[in-house]
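There are structures below to look over.
Note that chain A is present in both complexes that follow, paired respectively with chain B and with chain C.
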Partner chain A sequence: MAREASTIKTKYRLNKGDGAWAYAFIAVALVVYAMFTAYPVVSAFIISFQDYKPLGSSYVGLDNYVSVFQSSLFWKSMGNTVLYTVLTVPVALMLSFGVAILIMPLKKWMQTSFKAIYYLPAVASGVALSVVWLWIFDPLQSGILNQLVGVFGISNQNWLGASATSMFSLVLMSWLSSHGTSIIIYVAALLGIDSSYYEAADIDGASFLQKMWHIVLPCLKPTTLFLLVTGVIGSFQVFQNAYLMTGGGPDHSTTMVGLLIFDTAFKYFEFGNAAAQSLVLALVIAVMAFIQFKFLGKDVEY
Partner chain B sequence: MGLYNTHLGNTMLRNVRNAVIIFLLLLFALATLFPIYFMFISSFGDPVEAGAVSYSLWPEKITLDSYKFFFDYSEYSYRWLGNSLLVATVTMASNVVFATMAGYAFAKIRFRGSKALFGVLLVAMMIPYQVTQVPLYILIVNVFNISNSYTALIAPSLVTVYNIFLAKQFMGSIPKEILESAKVEGCSQWQIFTRIVMPLSKTVMAVMAILTFMESWNTFFWPFLVTNTMDMQTIQVGLKNFRFANTTYFAPMMAGATVSALPMFILFFSLQRYFLEGVTVGAVKG
Partner chain C sequence: MKKRSRFAATALALVVSAGVVSACGSNNDGGNAAAGNTGSEGAGAKKDTITALLPPVSANFQANFNQMEAEFTKQYPNLTLKIEPASWEDMTQKLDTQVNAGSPPDIAFMGSEGISKYVPLGMVMDIKDAATPEMIADFDEGPLKYMYNGDGLYGFPAYMEVHAIGGNKPFLEEAGIDWKKVQQNGWTFDEFREAIKKGVVKEGNTTKRYGFVFATAGVTSKDYLGILVKNAGMPAAFDKDLKYAYTSKNYLTLLTNIRQMIDDGSMPKELSSIDAGKRWNMFLTGQTMITGKGMAVFENSSRLNNEKIDKNDGSAVKDSIKTDYVVLPVPSFAGQPAVANSIVDGYVTFRGKKEPTAEHKANVAKAAYFLASGQVAATTNGELFSAPITKSSRKAAEGMESKQSPENKAAVEHLLSTAAPARPDIPAELGAKAIKLETEVIVPKLQALLAGETTPEKMYEDVKKAAIDTFGADGVVQD
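On to the complex of A and B.
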């Protein structure tokens, strides 16, 4: 008893003052967070109910939200965003999964080299890459992509300038940009699978495809879910390429929600409307993430 | 023993299989690396208008004239690089210091409200940045009235939640016995942090430093929003301006793109291990 009391006492003495230290350690982080994240979020809610003007805003109730839902452009850009996501995220997952599987039997140094190669484009800035792709999509006969499709007998395309091909061009760009991050995550997950599973499968005489289907796919399900959810969330916010390469055109065929919000805010300076749009986007993203976890993540543990 | 058949006793078959795999991987690597290769090769061309240019996949001529053309575009073009370097360095340093401190407090010190505070921080990672963009812009430009300053460029990313999360994840694995024995020996929390926790967390601090620096160097929209004179712009904003002002100058544009990307390539090749490690440190959930 006495001993127990004394340990409690030392523990108490040891922890005394820790709280103060902890608050000191997190002080800067908290101030930055409060000022540049928490306050803006609260502020976004307030602005979304206002007709924002630098000198004296007026309260307009739900007007901003009503105009968001009545705007055909908002729905069109939502559609574009969904289309872009559906075309890019699953392909990115399959490509990186395939590459990760292929990398596995190679020697260690080769694995590392390939990982580095695939990661490299992610290191270049989005602006630099968009400048390069702009010229790859050059609509003239001499454009790189036009030359390439010319080999297959396809006539010149005005890749970014025509509504029919502009969205596809952005999608193509995303397919061929870096999948390094997801490849590395998949490889790490593959290396984490216990080899005793494979050994047991070998004893049972399982083929490569059977091992893939019964061991690899179930074991990688949490990784796939993680990449799927983060991929979809990221894709719904994407707008830098659209902004830099097509400006959302032609005829709004590449206007994503992210770009629409940017334009509303910083081209037309309708801050209230932009805040309402962004909160609707946030809600959509939250609902989607929830659905994916609910229906795909049933037997996934985190 | 593994996913793949080892083809024991049949090295021939195994070599053929590996050759096919390497061929496929190289093909995909070619497609991913092509834009970067194209950018680099083309940047050595003559600074003439695109109408006269036919693209080639091999350097026919090597001249640095296009680089000169890019730097001559604005009297501040060298300063763009300096601005980017300054902003990225300060952002990196403050993130490493403050995120490590906060990460340690959340991972290893028990204090009132720690769980709730950390939860509040995590919520922020799920909010799309479009939500905070407009109010943040208003705050910096209209309320603080500091647009077009280094403060405006740096302040919002002084310490990011992602980095705090990274640090906390990593430090969670430091055994608490070490920290407790240091305490028994009479170390203050500050001493524990600087003498034990920081030396043990070198990896995560390096990863954080590199990723933050790269993020900051490559960021475009925030500097684009809060700067309005050329002397305050970063290299990414400068490159964008150059592109819109010289829409037909192919080689100089590639030179500009190379200038903006090359420092990160050099960093990547010299510190590759930390880049690749950083990806998994952030993704493995605890």
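On to the complex of A and C.
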């Protein structure tokens, strides 16, 4: 009897309070997550053990994973992706941090204007940006970048068509665009540092660099870690630049894992193999994120 | 929270959730299943809808969709043709996504060589039994064969055209090239090599005009080698015994010749980055004497730009000069006979996850035939400067004015007479393996060869090794 009464009471509370409404609202996000994230991941996991065909797939065990690990092209594309990440993410962080530091002393409206300007490329279509970059990297003498290097007496370069320069071209493109989000986050973090730290440092006679080293960098560590982890994840998933600018060439020198997965799925219709590749990539990203948190996030408080 | 607000918010949350679920759950069989269902109910001439995914095949093709749909329904009152337009860039990706989701359109416009890609999936629809003898008899035999794979007929051809090269008449004459003779008799690689050397114009160390520029980047990455290889004794990727042909010694000769043209300075050393738009721009701005690939319709593009220059129209290509496009054959390599690279594009028929009924199949065949014949085909062929390939479209084209030069028309007809025959005997599985080999090995290695990062010998060995890995030592030509 007592238990029955307690159950009725709990039910009553659930209906009476805001709990039920909260669940209803959470349901929206949960349904969206289930449909567009959880379901595709589970599907990819299942497909990775299949020879996928629209009219009926067959189970192939670990064949797709064996094929991925035995593929020299997969490892080459993984190497390209790591190289691209190493060359782009740290530079992106430094550039964003530098711009944020330069923006900080400005008046509020100036800060806002610069933040908007730096954020503009994020709003522009990636395809449109790529078209502009293709124009910049025009291989003939009339190309913009070739005219620039021509000033220094260097002959025209086949920027996207030669292995020696194709990866650098993609990296340069990354260096010079889309730091807006990081800059805004860094500026917000800089504004969050209590001014009493700077006042105390001023009293102690600290120089600009000492303040940077002893106050700014430690205080921005959580922000930097966040940007590093998200930057590495984004860089490992890079697809658009390679797809639109080089198509992975020449001789697979710019084939990233994301592009390889796309080709495997949509050029060869090997969806099982592509699913296996994408799950291996997800695992690599997870390991990378874990390592970053393990070694860089020890003394970070959120 | 007030009761009314709670109710409104909950209702909103439920509507959003239900919307997401229903958006994902419904319509995943697309128009095909809907049409199939309609057709599966049996009983008489029932209503049916046929869906088609069509790119801008010719200049005014997409502008005529409403008229085409109306005329089809006028001809078949119980049928509705629903056309979805797509850009050339989106076409393949859109179709591939729909195919792999199991809900493709009933008809899609594409190259006949793409059929082999979809056959292993079982998603293309054989209309051999659904097409009437009158429909079949209307088509020229040669182009129709391209729509076969094995015994199956997977749609109807829209046109057959030649992918060759094209020259600018004043530059050809300036270089002393008898282009009329070349149009009729062709040329060997050695003759071609000397001709394009004469076409180069330099100012100091700067090349102002190249002898020959062929687009090799982006979507055209497969074209260059694909077109040239047919003239080097390998009209298809497999020989008559179904052995992979690109391991032949002639292939090495061809690769050597490709590199020689760049080393001579007749082609730009940056060739691997020249895409279709760039090389056409180079042709119109006088930066090359000969361009590739060349299609008959380029004569029209050249003429339209000339008209704009005459009218001082600002939309003329920047820095362009007046050009006179001349259709030229691709040279022959390694002493082999010239074989023109014929392209047959057409209306390929697809099926959904559900087995289509015989009635729906017949309706799809009617729609594909409607698009590939008669007035629709005559208009499209006229805009593309390509010869009609059905009796009905030839009749419909009577009286239509053509602006194609008689010399180019004769040259195209001559090239078509040397076109590589269709190879429906190549099994889809072998075809799919050859496509993968081409995409994963040949095109990337060719890019490296053009960029001077590998040698013809090294590329040949790489291709040979990959081919033996794929088809086995007995599955490739060893000469």
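Here are some notes:
Just so we're on the same page, the second predicted complex is superposed on the first by the 271 of 302 C-alpha atoms of A that agree within 3 Å, B and C clash if a C-alpha of one lies under 4 Å from a C-alpha of the other, contacts with A are read in each partner's own complex, and residues count from 1 in each chain.
As a convention for this text, contacts are C-beta pairs under 8 Å (C-beta built on N, C-alpha and C of every residue); 3 or more make two chains touch, one makes a residue touch a chain.
Model, not experiment: these values are computed from the prediction.
Superposition of the two structures on chain A leads chain B and chain C into a clash. Shared-chain residue A:A242: touches no atom of chain B or chain C. Of the two partner chains, chain B and chain C are each touched by A:D18. Once chain A of one complex is fitted onto chain A of the other, the partner contacts of A:V28 extend to both chain B and chain C.
Shared-chain residue A:P54: touches chain B and chain C both. In the superposition on chain A, no contact is made by A:L170 with either chain B or chain C. Touch counts on chain A: comparing chain C and chain B, the chain ahead is B. When the two complexes are overlaid on their common chain A, residue A:T37 makes contact with chain B while staying clear of chain C.
Once the two complexes are laid over each other on the shared chain, residue contacts for A:F226 go to chain B alone; chain C is not touched. Of the two partner chains placed by the overlay, neither chain B nor chain C lies in contact with A:V280.
Of the two partner chains, chain C is the only one that A:L73 touches; chain B does not reach it. When the two complexes are superposed via chain A, 182-190 is the only one of 20-28, 110-118 or 182-190 in chain B with C-alpha atoms clashing against chain C.
Common to the chain B and chain C interfaces on chain A are residues 18, 21, 25, 28, 32, 35, 52, 54, 138, 266, 271. Those residues of chain A lying in contact with chain C across their complex are 18, 21, 24-25, 27-28, 31-32, 35, 52-55, 73, 137-141, 156, 158-163, 247-252, 263, 266-269, 271.
Residues 1, 6, 9-10, 13-14, 16-17, 20-21, 24, 93, 96-97, 99-102, 117, 120-123, 206, 217-218, 221, 268-274, 278, 353, 432, 435-436, 439-440, 443-445, 447-448, 450-454 of chain C are the ones touching chain A in the complex.
On the chain A side of its complex with chain B, the touching residues are 14-15, 17-19, 21-23, 25-26, 28-30, 32-33, 35-41, 43-44, 47, 52, 54, 95, 99, 101-106, 110, 112, 114-121, 123-129, 131-136, 138, 142-144, 147, 176-181, 184-185, 188, 190, 193, 195, 198-199, 202, 208, 211-212, 215-216, 226, 233, 236-237, 240, 244, 258, 261-262, 265-266, 271, 274-275, 277-279, 281-282, 285-286, 289, 302.
Listed in rising order, the residues of chain B touching chain A in the complex are 1-5, 17-18, 21-22, 24-25, 28-29, 31-36, 38-39, 42, 50, 53-55, 98-99, 101-102, 104-106, 109-112, 114, 117, 120-121, 124, 126-139, 142, 155-156, 158-159, 161, 164, 180, 183-184, 188-190, 193, 214, 217-218, 220-221, 225, 236, 239-240, 243, 250, 253-254, 256-258, 260-261, 264-265, 267-268, 272, 275-276, 279-280, 283-285.
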